[in-house]
Amino acid sequence: MVKKVKVGIVGGTGYTGVELLRLLAVHPHVELSVITSRGDAGTLVADMFPSLRGYITLTFSDPATANLTACDVVFFATPHGVAMGQAETLIAAGVKVIDLAADFRLQDTAVFEQWYNMPHACPELLKQAIYGLPELNRSAIKQAQVIGNPGCYPTTVMLGLAPLLEKGLIDFSAPIIADAKSGVSGAGRKAEVSTLFSEASDSMKAYGVAGHRHHPEIEAQLMHLAQQPLQFIFVPHLIPMIRGMLSTLYVKLSTSAQGVDIQQLYESRYADEYFVDVLPAGRLPETRSVRGANHLRIAIQSQGGGYLTLVVVQDNLVKGAAGQAVQNMNIMMDFDEKAGLQVLPLLP
Amino acid sequence: MVKKVKVGIVGGTGYTGVELLRLLAVHPHVELSVITSRGDAGTLVADMFPSLRGYITLTFSDPATANLTACDVVFFATPHGVAMGQAETLIAAGVKVIDLAADFRLQDTAVFEQWYNMPHACPELLKQAIYGLPELNRSAIKQAQVIGNPGCYPTTVMLGLAPLLEKGLIDFSAPIIADAKSGVSGAGRKAEVSTLFSEASDSMKAYGVAGHRHHPEIEAQLMHLAQQPLQFIFVPHLIPMIRGMLSTLYVKLSTSAQGVDIQQLYESRYADEYFVDVLPAGRLPETRSVRGANHLRIAIQSQGGGYLTLVVVQDNLVKGAAGQAVQNMNIMMDFDEKAGLQVLPLLP
Amino acid sequence: MVKKVKVGIVGGTGYTGVELLRLLAVHPHVELSVITSRGDAGTLVADMFPSLRGYITLTFSDPATANLTACDVVFFATPHGVAMGQAETLIAAGVKVIDLAADFRLQDTAVFEQWYNMPHACPELLKQAIYGLPELNRSAIKQAQVIGNPGCYPTTVMLGLAPLLEKGLIDFSAPIIADAKSGVSGAGRKAEVSTLFSEASDSMKAYGVAGHRHHPEIEAQLMHLAQQPLQFIFVPHLIPMIRGMLSTLYVKLSTSAQGVDIQQLYESRYADEYFVDVLPAGRLPETRSVRGANHLRIAIQSQGGGYLTLVVVQDNLVKGAAGQAVQNMNIMMDFDEKAGLQVLPLLP
Amino acid sequence: MVKKVKVGIVGGTGYTGVELLRLLAVHPHVELSVITSRGDAGTLVADMFPSLRGYITLTFSDPATANLTACDVVFFATPHGVAMGQAETLIAAGVKVIDLAADFRLQDTAVFEQWYNMPHACPELLKQAIYGLPELNRSAIKQAQVIGNPGCYPTTVMLGLAPLLEKGLIDFSAPIIADAKSGVSGAGRKAEVSTLFSEASDSMKAYGVAGHRHHPEIEAQLMHLAQQPLQFIFVPHLIPMIRGMLSTLYVKLSTSAQGVDIQQLYESRYADEYFVDVLPAGRLPETRSVRGANHLRIAIQSQGGGYLTLVVVQDNLVKGAAGQAVQNMNIMMDFDEKAGLQVLPLLP
């Protein structure tokens, strides 16, 4: 008999919430027990998202009364600051917590408080939290009670650079540059003029002039792997597509990289990683090649002069959010890591 | 020397407002004097709409203090109900008023009040208001003090059917059907989830299940030309494009239409209408062929059995709103009707 | 043990081909054996469609040498005229044939030859072919050797009207009107200027002025159910979205429909049809609510005067093509009809 | 009386051709005399591009018989290699030539021949050709007989970096990086699978893995201004929008830049350039803010560590092609440089 766990979702009405629902509705080991929404308690989930008609019969519950402690796992698809207010109670009740917001991503609470303008509610719990990037932290995730699910941009940058960082092949006298491009769903399902169809369609822009909150997250992770200070330049752009993220990374190789077959290095590093695909030399990826799927693809281009370009694509809502969260749950619960995630990309 | 008139715009921050600005900024006979915005008073217009940098140096004024009575013409690009509150004062001061909302479109105040849920503030003035469809009402517009600028859908339906209605060639035992499609800018520049890029892109839908406010407007205009009761079926659809409107009209011809060359009838009727283009037989129009321009194109297809299909395209923000408003101003002010409107469509 | 059948695909490089691959790659009862492509023989399927990397290891074979007779089922995702040239040989070898083109859709060879400009290669086989619309022809499909998989537009019109036609509730003195809208993938993966991104994006048009090939197909199916002559008016439109089809149907109800609860009629008719979803009264569907999935949704609106509007949506490549073909295979092979088709719609 | 010149266009059926037509149809000093097209000779221009109905009555002529020598100016909107075959004859007849392809952009014929795989037909004429970037070469353009109109990417990079290069403020020990993004119209109006709507919509990619032809063009221009060797890294990306280009430039400032107010430097440098707009500090541009217009906007961001990011936007078909060509003609013919180019951006 198939083992099933009870799953709760806090904040099911945003894009990461509905994406969790899409994936979990047919996950072989999951029984969806609770979905909360402050604003839409009492509404049938499938009335808000007709794409789920016939798959999900649950009704949104009021977060105040939802019985989350009866779950085995609870996902937070909420704004920053919500998960840290409830995590301790859940952990105490033996529930595993996966937060898709930023509450458990930054180990340094001062940095957290600076970028998110709020005190951290549970710094002690934060110390135990694991950064949920399975390809880097799988064994820690397996033991974790609380997961800080990585941001979408950080996932592309870290998986794009990990093979170089782990081998010490980057020359940190030059900055690491990430010119990153995101589909509009990354901005969430909030009523805002700037992401209206008539504003965001048939146009593009750079944004985040005052700094993007993924900057400190990436910087912390880079330094964790590099074990030394470095400069990280990050320019995010908004692209007129619903889903998809493409990060173009520019790095300078260290002299120790001379003679190293970088293509081969990446292929070896990710040979056993089901969700990371290193493209053959000379190929470049399109974001649609991962649309709706948990795969991330990497292409490597040498630029001469010791510079290397990496092009990394993922679906920002899947490997960049809900899919990675499910991957983390699979690891924590000892399921097949691919369970519920063998959904093929939708192309065209 | 070129004659110039002082122009005011009330409510310059929506899509019809910024479209008026685009057209009027280079209109040879216009001096833009005042632009109001309740929420953005004090902001430079070109700071809100960087596309206008270098063309418009005005700042949004507070509607409470804006000196609108010093204008020759005032356009209302406001929500329904605003123009009727200010029109009498302006008219008394000799200002001509062109309302792009619905306040002066429906002669029957009971119908207005039913569909717009508010009492009409100036029913006396409404009696003098002219429905600003130049191709049907040009001489009345020339004399008008107050113009109710037509809705976007009504413009396509009325210009699509006028040649038949004027000649009595429609069999009203069958309903007139308008299957209409609009770009998303028709929903306005309001922060709403349903018109977010990630909701409205790569998808389409019918809407207005409870009835669309253009239904009574079209019905009134149809009956005005038909001089008899008729059934009008109207299904609007939302299409993932910024601008553009295409209405497909289905009518049954009366027996008196037998032997009439309908193509020829349309070409004659609109031969002198610069902004109405009857396509050659066998051609069908694309909305992009009028993107950004004040032209409306019509194609005629016989369907057998006495049924006729008309395909009508326009830019909903130009001939369907701001462009038609400028055309009305040109007529009222005795300018060349094309002044400021010879902007070519943007293709591709 | 799970029963598996050997499946071949002729013409795997178009959109219906790659969609079959997406669905069949994870179908529990399918072993993909052969995929042919005249132009791309020798190319890895996953090199042409990187979305399939990790899921499909096959190489395109030359159609001349491909061992199709060793398959249990062969799908033709080819241009019109290909399947009829090979079907007899396959049938003789005991292979079941599902043609996604038009070769086996029109029982009247004269009509076929008029619209497709080619003689029919196997009129005898055509007589045995079954029109593969499961919700109407399930028992015949179960016995069939050859399936003519319905066109995308016909699927929406027939499922939209079947409940009325079966009960004799349509007044055929008025025409049946289908104002249909399709995403651009319906035009196929052919290098043509008119479907370039820069031509088809941010614009829409009606097309098929000279008649669309789905017209006779729909007309034949309508008359088959109506058992009497009728007029069918069909205007297809091209919409700037990749996938998705929305048909708005206008019919006049007969007097025998008076007092009939049409909403209830539809809900009953489709209560046991997993892939047909009748929306609650007052709701209208979006095409994205079925993106990538085999569901078709119907909404019913009364228009007064005895007229009814039906709004039907589907994914043109799934329920309108490849998904329906897999559904047919499931029926023919006695699999669960839903096998491999419980893929949730991708939203947003 | 307004002075008018006779203008010819060779190759009027691509996107730069139709864009020239849009701009020149209402240019106050231009009489469109000849438009050629090998494939469409005899077709009315407005039949191919219905957006031009009512504005252009010309018919495409056969290039073999077109009387181009009677023109004052001839634009080549043709594939690479066409203009150089006809330029000498035209120059000899006193016609000024503006080539929108690459024939006259690269002074070094060896580089030209390497990247374009064809011998240069008129190396002597090439020596006199002027690189038509008005903001850098205005006085030379005024005297020129032959203009090599810059590529779209090079225009953004050169105008983005010129103020720094002219003042010697770049540290060339680091590479200059251009992460560039283009709308799909940049790929031209050619029937190709990769730019079909269903391939290019709702997705993005990097391309040009084997090197992009604008790379040597930019490199040559950079070195011309820098007067020294440098490394230039260029990664172009394809974005799902029709028009628009955004280049994000990463440079390291030299020590001589310490204390220099870079924002002020840019504002001064371009204070008198009507088509170059330096945004206020802290603002970032959207491509739609220049849609359809000849403006280019630049934003400057300091990144710390001596690194600077420049974000440059333009409409690839206007300032990146046809608009710049008209600007060059205006200079060559001693017209107001803005003549015919005060077309406001289309927003939304």
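Note that the chains take the letters A, B, C and D in the order they are written out, and that residue 1 is the start of every chain.
By definition in this document, a residue touches a chain if its C-beta (ideal position, glycine included) is under 8 Å from a C-beta of that chain, and two chains touch if they have at least 3 such contacts.
Every value quoted in this text rests on a predicted model; they were computed, and no experiment measured them.
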item	value
Chain separated most widely from subunit B, comparing mean CA positions	A
Selected interface, B-C versus B-D, where C-beta contact pairs are more numerous	B-C
Approximate Å spacing (C-alpha centroids) for the pair subunit B, subunit D	37
Subunit B and subunit C, separation of their C-alpha mean positions in angstrom	39
Subunit A residues counted as touching two or more neighbouring chains	15, 185, 189, 198-199, 201-202, 240-243, 283, 285-286, 288, 291, 348
In the complex, subunit B residues that touch subunit D	15, 18, 22, 25-26, 49-55, 185, 189, 201-202, 242-243, 274, 277, 279, 283, 285-286, 288-293, 295, 297, 317, 342-348
List of subunit A residues in touch with subunit D within their complex	174-175, 177, 179, 181, 198-199, 201-207, 209-210, 231, 233, 235, 237, 239-244, 246, 248, 250, 282-288, 291, 299, 301, 303-305, 307, 309, 311, 313, 348
Subunit A - residues contacting subunit B, complex	15, 183-185, 187, 189-193, 195-202, 240-242
